[in-house]
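You will see two complexes here that share chain A, one where it goes with chain B and one where it goes with chain C.
And then the complex of A and B:
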């Protein structure tokens, strides 16, 4: 398989004193693969997407490289990157009250990138956005509504339609199923699954959605990648104790909750960051484990050191 | 008292006042009994022939006043449009682009803020000579800075809104973001500032004209006051000469204030609701 998107020891830190928000992140995503990034709030998921788009605030210092189709995204000029955004890349933001402009119609905003980047007329962009909205089970009339007339779930679907409108080669999505009920999540996974050619990098903490959509799963914990593998392996036999706990906490696995909290950014010590909560803790864990390769998968845990 | 308070909050009162003045300005040739430049018997007291008497060279004061509405409103509104447009552009560009652009624009803005605007306008108007154009330049030169600062502050707030971030992530160009997305979101604020800018521009015009630094030959309200003062109208207590322009200026400014104020109220109500 050809690798299309590659992260090379990416590190993002916001201030010198603090621990980095994302540390030593390496990942290779082959063509057409859908990679799901899962992790708790504050584990560095969204930072990863923003680093790729170079939209982090100026205070962030980024080191390492991100390669896309042979280009280092950290060093290409701003103007070239701006052309890639919205044409080659597309981004589905996390839905919030302000993720759509309150004073413009939803239909216009869904099709806006088509007008600016793909030479659509206003009329044909509106027609296209109506078609997309219908694909996500929204009435055509939603196109003429303003964002405040829509429910949270409707807004989220409009944002997905907006991201998908440009048929990108790389789709980035930040929690696309947030605030949606089960049936809608199924519809959206069906939509995501229909995209076969594109690379997808989806940040989520919805494990069911991850299972339905992803080809590969990468687990982040406290700013580090702790496990990476293909979906089938991950869901049948998770390796890292944290991944195991994560899957055991699902309703169908009996809602077994994991005790404790992830260490906040300011209190991360040396050694394995999960050790305080880990059932398999041993002396070795005082030293940070590497990302070991075992049976074609990667895991950051001393249990798999050999 | 309660009723008055209510009336002062009502936009319709402002609109009515301004509509009256605007129609007077437009219909001045039809309404005025005399040509305001035609000379006749000087220093006449109010009578049925000259409702507000005549001035030192026998021009009908009522006609002067009606034609004066044209000049005063024209200068006030045009200057306010320039002030608001320039202030808005500077504020949006500085707030959205940030960095060096912001630094340079804010440096200029701060200079404009600390310059004493009225004395500067006096010096400029004297230096550039009379005429509407130089009057306009002296009024506008520093007045845009207040609008620029307020607009910049609200753009800074907007810049972190989700939809702006999304537009950036989708590679929208800055011009599109600034003028399609930011402008509508600050339009309420800008219109309030515009209404208040009309007030300050009209006052500045009246002040400069009163000092004899306006357009010599144009009949603005400030110019009527100028002659009433310097040709002994005030000294002799000819109230029908100096009082009407003062009342017109005050009433007109009240109209714009009400318009601006009620807009601000409805704008903040809107924010609370959303």
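And then the complex of A and C:
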């Protein structure tokens, strides 16, 4: 497989925070791979997607490179990036409540990229958006509704329909199954699985969805990548103690809670960031571990240093 | 009996002269005892959030009645009733004023309800929710969904409510934060005998934490167990 998307030591910091929100993030994603980014809230998952799209606020300082099909997305002109967004890249944002324009009908919003990027007429874009909405079990009449007239789950499905409208080469999705019931999650999973040629980078905290859709899993903790590997290995034998805790906290595994919280940005000092909550803590953990390669996977933990 | 809702109906009207009508709740009857966790499950758009909003006093039912401690409630909720029934929304990003820093939003609840406020106590209590002084200086747009949800839960618990309507309270959270919030809710319930109406579509989660479960389909409660 050819590398199509590559992150090289990406670092994102906000001026008000002393420590970066995302630190030393490197990842290579081959064509057609579906990579799932999982981790605790505030671990930098959404920041990663926004950095790729260059949609971070002006206060953010970004260093490192993001390569897509041989182009460094951090250095291409704004105009070129604008052309890519919505045509080559598609982004399904988090929070359906605030991501839809309250003054425009859902049908218009779903079809807007088709008008802007593919030259559809208003009428044909509306017909296409109705077809897309039906794919996600939304009645055709939903196209004429405004966002406030829909439930959270319906708005979420409308957002996914919007992201899928242009058949992008790179699909970025931030928590696409949030607020959906189990059967709809299955439908969305099936829809995501139909994408075979495209690269998919999906942020999710839904581990069942991750298991159904992804090929690779990258785990973030407190702004750092702490584990990366193929899905099957991750779910059968997670390596990092945090990954093990993640799987143990699922309702089916007994909702086992992990003590404490991830350190806030101002307290991310030297050493392993997970050490305060880790059951395997040792003296060595006062020093930041590298991302070690073991059994064909990457893990940031001293347990796997040899 | 803490809450008893009988034959609740809700019709939303929209369009010119309210000609377009959507019946979100057809007939919903349920009850919640003190210190009980009651689950409400159903598919997306089945009316779960509408039922939660009616119980929390955010909207009046088109027909039917709600009894709190045996007395019928009046809309809008006022005084003690307003404080004793609280709602935690599924979208915490909409629960906070975007123009206020988190610290100001949390302080506001003390001011409005004339509660004793101390910055030091606030910080100590917030640590239990995984929130620190630096979070108080941020705007809602600069906080993650999980951080906002924990802040929203903290703000409600300040009022020591009798009933918390939890509308998909963990749908924004990762599994570890979810387990922590559930632990926190259970410990509050043990201490204060708080009742919860836990609205969710996650049957596995609801089965694990609720004493009883109601199932809602197309605006109708079809089973309670």
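By definition in this document, the second predicted complex is superposed on the first by the 303 of 306 C-alpha atoms of A that agree within 3 Å, B and C clash if a C-alpha of one lies under 4 Å from a C-alpha of the other, contacts with A are read in each partner's own complex, and residues count from 1 in each chain.
Heads up, the rule we're going with is that contacts are C-beta pairs under 8 Å (C-beta built on N, C-alpha and C of every residue); 3 or more make two chains touch, one makes a residue touch a chain.
These numbers come from a predicted model, not from an experiment.
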First, second, both or neither for A:144, with chain B first and chain C second: neither
Residue contacts on chain A - larger count, chain B or chain C: C
First (chain B), second (chain C), both or neither touched by A:152: second
Partner chain(s) touched by A:86 [first = chain B, second = chain C, both, neither]: first
Partner chain in contact with A:98 - chain B first, chain C second, else both or neither: both
First (chain B), second (chain C), both or neither touched by A:113: first
Which of chain B and chain C A:121 touches, first, second, both or neither: neither
Common interface residues of chain A - those touching chain B in one complex and chain C in the other: 94, 97-98
Residue ranges of chain B in contact with chain A within the complex: 161-163, 165-173, 176, 180-181, 184-185, 274
Residues of chain A touching chain C in the complex: 14, 16-17, 38-42, 46, 94-95, 97-98, 149-154, 156-157, 175, 178-184, 205, 207, 245-246, 249-252, 255-258, 260-262, 264-267
Contact footprint of chain B on chain A as seen in their complex: 53, 55, 81-87, 89-91, 93-94, 96-104, 109, 112-113, 116-117, 148, 159, 162, 166, 172
Of chain C, residues touching chain A in the complex: 12, 14, 22, 42-45, 49, 90-91, 93-94, 130, 132, 134-135, 137-138, 142-147, 168, 171-180, 182-183, 201-205, 208-209
